[in-house]
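You will see chain A twice below: alongside chain B first, and alongside chain C after that.
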Partner chain A sequence: MNNAEIDRQWTTRLRRRVEGKLPPEKLLPDTQPSYVASWIYVFGVATLASLGVVIATGCILALRGPQWWHGSPYGHFVNSLHLWSVEIFFFTMVIHLWGKFAMAAWRGGRTLTWMTGVITFLTSIAAAFTGYASQSNFDSQWITTQAKDGINATGAGAYFNVLNLGQMLMWHIVLLPIAAVLLTALHVLMVRIKGVVPPFEDSASPARESLPVSE
Partner chain B sequence: MAFLFSIAALVPLNSKGHYIHWHFIDISVANLIVIVLIVVTFIAALLAPFPGRRRRKESHE
Partner chain C sequence: MSTRTRGFRPDVDAPEWKGGHSPYDIIKEGTIALLVIALLTLLLAVIFGSPDESAITIKKWSNADPIDFATTALSELNGTSTTATYGAPYNHNGPSQHIGPLQLAKWVGVRIPINTAQDFVLNPLGVLPNQPVLDTALKTWKRANATTKSAWLNAYTNASTKMTFVNGNVLVKTSTSGPVPVMINDLTMMARSGALDQDLLNGNGFYTTDYTEPLLFLSDGQYLGNLATEQHLSGDQWGMMNETGNYPGQSWLWLYTFWYQIPPFNTSASGDALVWGVMMLLSAVLLFVPLIPGLRSIPRRLKIYRLIWREHYRDSAGSP
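Let's turn to the complex of A and B:
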């Protein structure tokens, strides 16, 4: 195989494109701009950390099953960790959203970063609602009987039946977590490619000092 | 374990929920507390000094 043929391969072209867009020093940088040293920039990574706890506790709940999370002290504990990590996830994500909205974080060609964040937020809400429907207790029965009227009013009830526990559980533990994690990964990659959005007063001046991440 | 139960007893979660009604607004006290906490945390995140920010700037000047 000669060089021209190698250059035409889709794997070669894809690798070069990825290397160009996201070299290792950009994917895992040593420094961040000085304006990142503010509490408002902490909430994105706090959302990521809580998502990690949500996924980890969800995996433990899936391993042990409803009898365990309803009927044993450790099951109650992990179930509560799952609930409270979701609470912190949305708490920090809302502050992250407000902060980025105030910064107009879609500036500087960051439209895809903003939109992946929006879709991740909506996907997370769907994941949380199907979680309410998947508790397998009287609370979930009450919630789903109330929710069915709203869903049916949209016309989606024939395809998305909140009274169908099996369907809601599959959405909650398979489809929506996969979507949320993939979208989050894409969102973080977009942040790495485009960089953290600068404050308004700094966006006009391209030359900014960079500070080590570890300090 | 008894210690954990004593902490849990501080917030009785099995009682009837409390709601605030004001015109068309109808919200549970629990949800209102969470929203207030988010607003307070957001304002604090904007105003609170970040640890070491001054030191970082001085060391790079």
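Let's turn to the complex of A and C:
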């Protein structure tokens, strides 16, 4: 066996890179810095948990098709679960976002972590909107006929036709959930790689003069 | 690799943590969070449920308010409806919205072509079987030149201010409107039977999921908008973030909705384009906050972090 050849393999190089960036103790930590002691941290994991409930309830709705919930009390109840999990998802995500803003959580090389979080937030808004557009009831009629003007004004309406139920449903149950889940996974992995941002230095403590920077 | 030192930037750099660590069971935390959120969702769903107002059909609209339907049908035929004068992406008949010199919709062009007279009135009427009077009216319409059609439409439009609906028929007192009275009346009959709903959907054959045409037709009338206003859904009622009943709706769109309440957004003909422009700019600012001097200093200056990390700062102050 030629070790040099194995070392050059894409698989070997990728595995080593992942092992270096994200060793098991970082991916599944059993300790955390002692400053991670605030209720604000709960909203990150609560956002993830509510995303899980959103996906689970959406999958149940998908089993019986888009019209099921209009005629079945059970289907309507699953729709209610889906709706309220979405409301909780956004509530927790917005508090998580502003909590992270208050901590300036982008510090210490975490700019991409912040950015993936913001993009996930914007993607989630689009996912929720397409859900409202796909309800096939009075709400979706009104929401889509109003929203078309905004989206048409950007030029996107020529390709993203909110009045096309089939297109909105596909975006809602396939494209945007995939994007949201992948972005969330990327965001969480970045948090695990970089760790939770440390507190600002206390003004009472001696000011740091300089910071070593590797190039 | 070389190493150099530079000044510590408190809004960009983070001090290296050299303090202690606490036990942390990430799997247990995730499991508990999932259970709590699932239970909370269950509780809210049981208590509040979810809204499901039935969709409005063209049949329902034309039976509930036949005058509004017939008036809207006339506006589709004479080219004065909102859709007929929309511009891109539906047709070339309107200026389209713009942000200064940026005419994005116009540049992208007409990608969902809609001719309201043809698609909403003439084509549906053309599929009705065994209608000799209507067939004659449609042939008369087809043979006439543009000037004659315009004269008929003007005569009917002027007389339609006194339109009535009697014994299932749309009545307009005019004798100079050519075939237009028959066409409008028969389209109203077709709508009231439910056949127009089906015909507008069948543009792509037997199977379709595209409701562009019936939704545009519906939204050109007053009926849908009046129902929405009753449900506090119109734009000046913060309707973008509401839904029927007392449900929270898309409350996360509050900022997007806010702009529609104030000038120049609620007075400009390009209000939608302006609101989208502002929201895209604000979204970009949020995205790039870490890179924008001044903005990225706000958290440090606000000092809300002292509340979040109060235990850390209390312990730091107490340590020797």
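Definition applied: the second predicted complex is superposed on the first by the 198 of 215 C-alpha atoms of A that agree within 3 Å, B and C clash if a C-alpha of one lies under 4 Å from a C-alpha of the other, contacts with A are read in each partner's own complex, and residues count from 1 in each chain.
Throughout what follows, a contact is a pair of C-beta atoms (placed from the backbone, for glycine too) under 8 Å apart; a residue touches a chain by one contact, two chains touch by 3 or more.
Worth saying up front: this structure is predicted, and the values here are computed from it rather than measured.
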In the superposed arrangement, does chain B or chain C reach more residues of chain A?
-> C
Should A:Gly71 be classified as contacting the first partner (chain B), the second (chain C), both, or neither?
-> neither
Quick one: classify A:Ala37 as touching chain B (first), chain C (second), both or neither.
-> both
Thinking of the overlay built on chain A, is A:Leu83 touched by chain B (first), by chain C (second), by both, or by neither?
-> second
Touching A:Val94 in the superposition: chain B (first), chain C (second), both, neither?
-> both
Using the touch definition from the top, say if A:Gly20 reaches chain B (first), chain C (second), both or neither.
-> neither
Check: chain A residues flagged as touching chain B and also chain C 34, 37-38, 40, 42, 87, 94, 99, 209, 211, 215
Chain A partner contacts - residues on chain B that touch it in the complex = 1, 34, 37-38, 41-42, 44-46, 48, 50, 52-53, 56-57, 60
How about chain A: which of its residues touch chain C in the complex?
-> 28-38, 40, 42, 45-46, 48-50, 52-53, 57, 69-70, 76-77, 79-85, 87-88, 90, 94, 99, 101-104, 106-111, 114-115, 118-119, 122, 125, 128-129, 132, 135-147, 149-155, 157-159, 161, 163-167, 169, 195, 197-202, 204-205, 207-215
Mind pulling up the chain C residues that touch chain A in the complex?
-> 1-17, 19-27, 29-30, 33-34, 36-38, 40-42, 44-45, 48-56, 86, 88-89, 96-97, 104-105, 107-112, 208-212, 215-216, 218-219, 224, 227-228, 231, 233, 235, 239-240, 243-244, 247-253, 270, 272-273, 275-276, 283, 286-291, 296, 298-300, 302, 304-305, 308-313, 315-317
Provide the residue numbers of chain A that touch chain B in the complex, in ascending order.
-> 34, 37-40, 42-43, 73, 87, 91, 94-95, 98-99, 209, 211, 215
